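In the two assemblies presented below, chain A is common to both, partnered first by chain B and then by chain C.
Presenting the complex of A and B:
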């Protein structure tokens, strides 16, 4: 049977999005290409700037990951200049970043990924009383009455009957791959709406510590949050209590809404525990240092590498083994297309050689993306919550072991089920629960130190450029919500002379490399991956969304004229 | 927000200052913040590119004005004004799948029954939306006219808008 070429590419006027091309054959995906279609050159605009301002530029790389890039940038500068930040600043960064993870993961689940599994239109035919019974059976969360679910259902019905599905207009509703009963669909939609109010409440942590959101203030050498328990203009007793309440509310929602929903929904989709595995190497740089970041053993989520799915052996991580290839990317290196360069030696020289736009196909092109291909010791790596949870599990992390065991037990599947689309989605939930609990400890640590008289949040010893060496270089890393993020900086005569970022989505959305090895998206889509109806490629969305891609994967969007986002071409 | 009461008006600059003309909204917002005073006081919000964070601000105001680079396919630098129902067609910006854009924020507000009474967007036609920290010449040349128009609209909404006196030492 002939292969069907398929392009999942949203709106060309929206920048920076992800484009997926596949070839479908006999209900499965035979080949796949992941392409990011926007050139980003943050590295180029960093040159010559004051390294103390780098965070403010890098936090604009992405509207979702503001905090993430800011902190990675601070760490790069602090590494280069050997700056040790005060314990309070480290704890505050953990709390800010922890809440970022929790909010980000929950929002990802309800506002992007859930609609791949939850059929909104089917929720209209649910019996609210039955939804109420299900809700009560899986969680003590109080919004669980039949009246409440009937109200939600009414609201959706009015919205749909007004002639427009609005935000829901782009789902493949009614697709046979949707398997939830209407009552569970209604539960999912109700929590989708509740998550909106929850997220706006808990993310105020950023406003309190950082001054504003979405672009909080940061500071090389610590945090810009002054602490004085009795002052009204600083972090005081009242604000600490406020933060504590938010941490408690975040945890409650995660434990009583997100986690039970995730496990319940997963139970209807067990076949996805053997679909979409792909690249079987995993990399975690580790996160949430509970001491100085140079003390790797202090990380709450450990650092390490797993090769060939062998969770019995966690190998050490060494950033010097990272290289980026441009063999199949629209860049050129001075030394040619076959070499890989470490980010300290990295070059960002764009050379577009693709076909004129609008593209028909990129598949078949030798170069097909603006993403470079990062490799670790010449191997492609999956990064993100699954990588972190596998490394944690393999390192004997008690919390990870307990929750992995719980979810595997409740689904009745073995550990091999982790290496899948469902595994990535479950790992994100496991991580969220772990962090929602750990936030309490960080909060307690902070309060204990403050009560003991330690209110330092800033180390200014190396603030003045006259204290810096003439040349320095540093590596700032962060295991961000979507995975291993690296910022590499070189400073000469007080100014940035070189800056490179390798972001998590570059690892996961990587194209093929010089050796022809596929990146994780590509490998997952071609690993025993179904595609029942090429006109409605719901299965592709499930797998790609399970990675939580952070470039505009506008695959859930319609363009201004309501044109469908998927174009299907027959050869 | 609720404990301060409902703010009458919020002016939201949206866009990315690293993406050339897309930084227009943030640039104009800063100029309003530093150069003008408003009575009664006005919420001036750096909306960046993250839509979902905008939802609470949109929902809790009676009037919302977006300032942005707006692509209507005209010559760069030309002034563009959109009224409520025209906005979703032109303000779709999405750098990430869950980076909910203005269009979706308005749809969510509608679903929740919390759309503001008045809604408009004012901006300029961009020339270039590519990685750069400065505005293109035609867009930079239109900024004064844009600010003038923003102020006219705010005055039309009953605000007293005056040029701020330079702060001592500033």
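Presenting the complex of A and C:
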């Protein structure tokens, strides 16, 4: 049977601009190409700048992962200049980053991913009393009365009948791949709306420590928000109480709404536990240091590599094994298209070689994306919550083992189910529960130290550039919500001379490499993957969204031989 | 805007009927209009007029396109902080296209965009986030196989009004900073045949976006703008002139190092590189995230993100504006701040006129300088 060429562009409900092309055959996907269609060149812009400003520049790589690049950048500079931050600053960064994970994962589930599984229109035919019974049976969350669900349903009905469907226009409502009963659809819609209010509240942790969200402020050497329990203008008891309440509300929503919804919805889509597995290598650099970042054993989520789905063996992670290829990307290397380069040696020269716009198809083109192809020891790797939870599980992390066991048991599936589209979505939920609980410990640590008289938030020993070596280089890493993130910096004469990021969505949205190996999106779309109706490619959205794509993060460039940015004169 | 957060507003209802359904009394509605009036900096005499306009409206179509950007502005608006405004204003529009939130993808998404533009031709509000890369035929951002420039020009052609939200849409932002590898420009560099309102900031405060839309719907025109296209109700005053830490500046009480005694007492961050004296923004007044705090309130100097080319003109971020110690600092900062902003705002005199500083200067008959003094290191970065 002939293959059908299909383009899905724009992929919506993601960050940034992503184009997916596939070839469909007999109701399945036979081949796939992932193309990132935006390029900004931020790393090139950073050359010649003050390294203390780097966090602000890299933060603007992405407004969804807003604190992620800032913290990775701080760690790179602090590694290069051998700066040790105070314990309070480390804990505050964990609280800020932890809330970023929790909020980002919940927004992803309800506002970016849920509409792939929840049919809004079907919710209109639900019996609100039955929805109420389901809600009570899975959670103590108080918004669970039949009256409440009837009101939500009435709201949706009037909205639909208005004829102005807004963001719900042209959804794939009624698609045969939607399996939830109307009552569960109504539950999902109700919590979609509640989560909108919740996320706005809990993220204010960032505002207290960083002044705003998105894009809160950070500081090389610590945090700028001073602690003084006797001042109105600093972190004091009133601010700490506000933070503690947000942590409690975040945990309650995660445990009583997100987690029960996730498990309940997953129960209707068990076939997706054997779909979309794709690349079977997983990489986690680990996150949430509870001591200095250099003490890898102190990370709450451990570091490691899993190859060939072998959870029984967690291998050590070594950043020196990372290389990037441009064989199928719109760049060129001096040594040709077949070589891979480590980020410290990375060179990038953008060279678009695709067809003129408007495009019809990119499939068939040698080069088809602005993403490079990162490889670890020549292998493509999946990164993100699933990689972290597998590494944690394999490392004997008690919390991860308990929750993985719980979800597998309740779904009645074996561990192989984790290697799938559903597995990625479930792992995100498991991670959110773990972090929502751990936030309490970090908060307690902070309060305990303040109580003991330690209020330091900043180490200024290396603030002045005159204390820096003439040349230094550093590696800052972070396991961000979407996965392993690396920043590599070189500093010469007090200025940035080289900056390179290898980002989670670069790993996951990678094109093919010199050896022809597909990246994770592509491999997942061609792994036992259905596509019932090419006109309404709902299944593609499910698998792509299970990775939580972030395109602005994934595309970057640094030209090591580039033009110096500017001569900056200091007063 | 984001979702039908309450009883949706149907097409056969006026706003008054809709609010009644939602249990909002006439008195509550007028109270809300009063708050909006205050936020927009209008005299209370216009409150009844605003109420009438809002009551008679039907849900207007809003098309939101996202070009070369990081999605931070969408995230900001999602966290819109004034509950009554969020409930009323955002819920009262029909958000017919928004890449981050819409259910449809691919052809179905494109179809939704085109049907909204056709059905509301000449009527819809176009919101744009992101810049437009022009270099190399615009290949650095494409959507559905077309360049950002083409997408913008088509979407703007039938718009009643264009609102450029965030520094990227305003002037190009970080990707337009030296050496601007992709040739990024702002919306107003492309759209010349209709007015473009610039909501400045990286990202902007969501309330400013909200209030601008309300202004348009209420009065049938955009708010008064400075010469950079920014609404005066939000960007009419300098941060320095509205700052809670201003008294410490005037008293000569400065933070000299992060986490020092001054930092722990909440003193002025000018010496740590604060760009508040050169930045026009409502941050100190509106604040961020349900008025929780703002950058200076959290102990970090202002980066100046509401000003054009701030990545080049305001960096290094931790270097102070022209270095002047001790007596006379206020005058120099004031002159420098105004001069830095000249050319991208309504000018020194117009802005400073509302400030106490300017009145003080008039009393002392100090000169208003039109360009920075030669000894100041103004020429940071290259334009």
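In this section, the second predicted complex is superposed on the first by the 544 of 571 C-alpha atoms of A that agree within 3 Å, B and C clash if a C-alpha of one lies under 4 Å from a C-alpha of the other, contacts with A are read in each partner's own complex, and residues count from 1 in each chain.
Rule of thumb we're sticking to: a residue touches a chain if its C-beta (ideal position, glycine included) is under 8 Å from a C-beta of that chain, and two chains touch if they have at least 3 such contacts.
Because the structure is predicted, anything quoted here is derived from the model rather than measured.
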Which superposed partner A:498 touches (first chain B, second chain C, both, neither): neither
Contacts of A:372 with chain B and chain C, given as first, second, both or neither: neither
Which superposed partner A:217 touches (first chain B, second chain C, both, neither): second
Which superposed partner A:50 touches (first chain B, second chain C, both, neither): second
Touched partner set for A:549, first chain B, second chain C, both or neither: first
Which superposed partner A:424 touches (first chain B, second chain C, both, neither): neither
Of chain C and chain B, partner touching more chain A residues: C
Partner chain in contact with A:42 - chain B first, chain C second, else both or neither: both
Touching partner for A:490 - first (chain B), second (chain C), both, neither: neither
First, second, both or neither for A:108, with chain B first and chain C second: first
Contact residues of chain A, present in both the chain B and the chain C interface: 11, 13-17, 39-42, 44-45, 57, 60-64, 66, 111-112, 155-156, 159, 166-167, 193, 196, 199-200, 203, 212-215, 552, 557
Interface residues, chain A side, partner chain B - complex: 11, 13-17, 39-42, 44-45, 57, 60-64, 66, 107-108, 111-112, 155-156, 159, 166-167, 193, 196, 199-200, 203, 212-215, 545, 548-557, 559-560
Touch list for chain B against partner chain A, complex: 16-19, 46-53, 55-56, 71, 89-90, 92-100, 104, 107-108, 110-113, 129-133
In the complex with chain C, residue positions of chain A that touch it: 7-17, 19, 37-42, 44-45, 49-50, 52-53, 56-57, 60-64, 66, 111-112, 115, 120, 154-156, 158-159, 161-164, 166-172, 192-193, 196, 199-201, 203-204, 206-217, 219, 221-222, 224-228, 231-234, 242, 350, 352, 354, 356-360, 370, 455-458, 460, 463, 535-537, 541, 552, 557, 562-563, 565-571
Touch list for chain C against partner chain A, complex: 2-11, 59, 61, 68-76, 78-81, 94-96, 98-112, 115-116, 133, 136-147, 150, 173-175, 177-182, 184, 202-203, 205, 244-245, 257-259, 263-266, 283, 288-290, 292-300, 303, 311-312, 315-320, 322-323, 376-377, 379-382
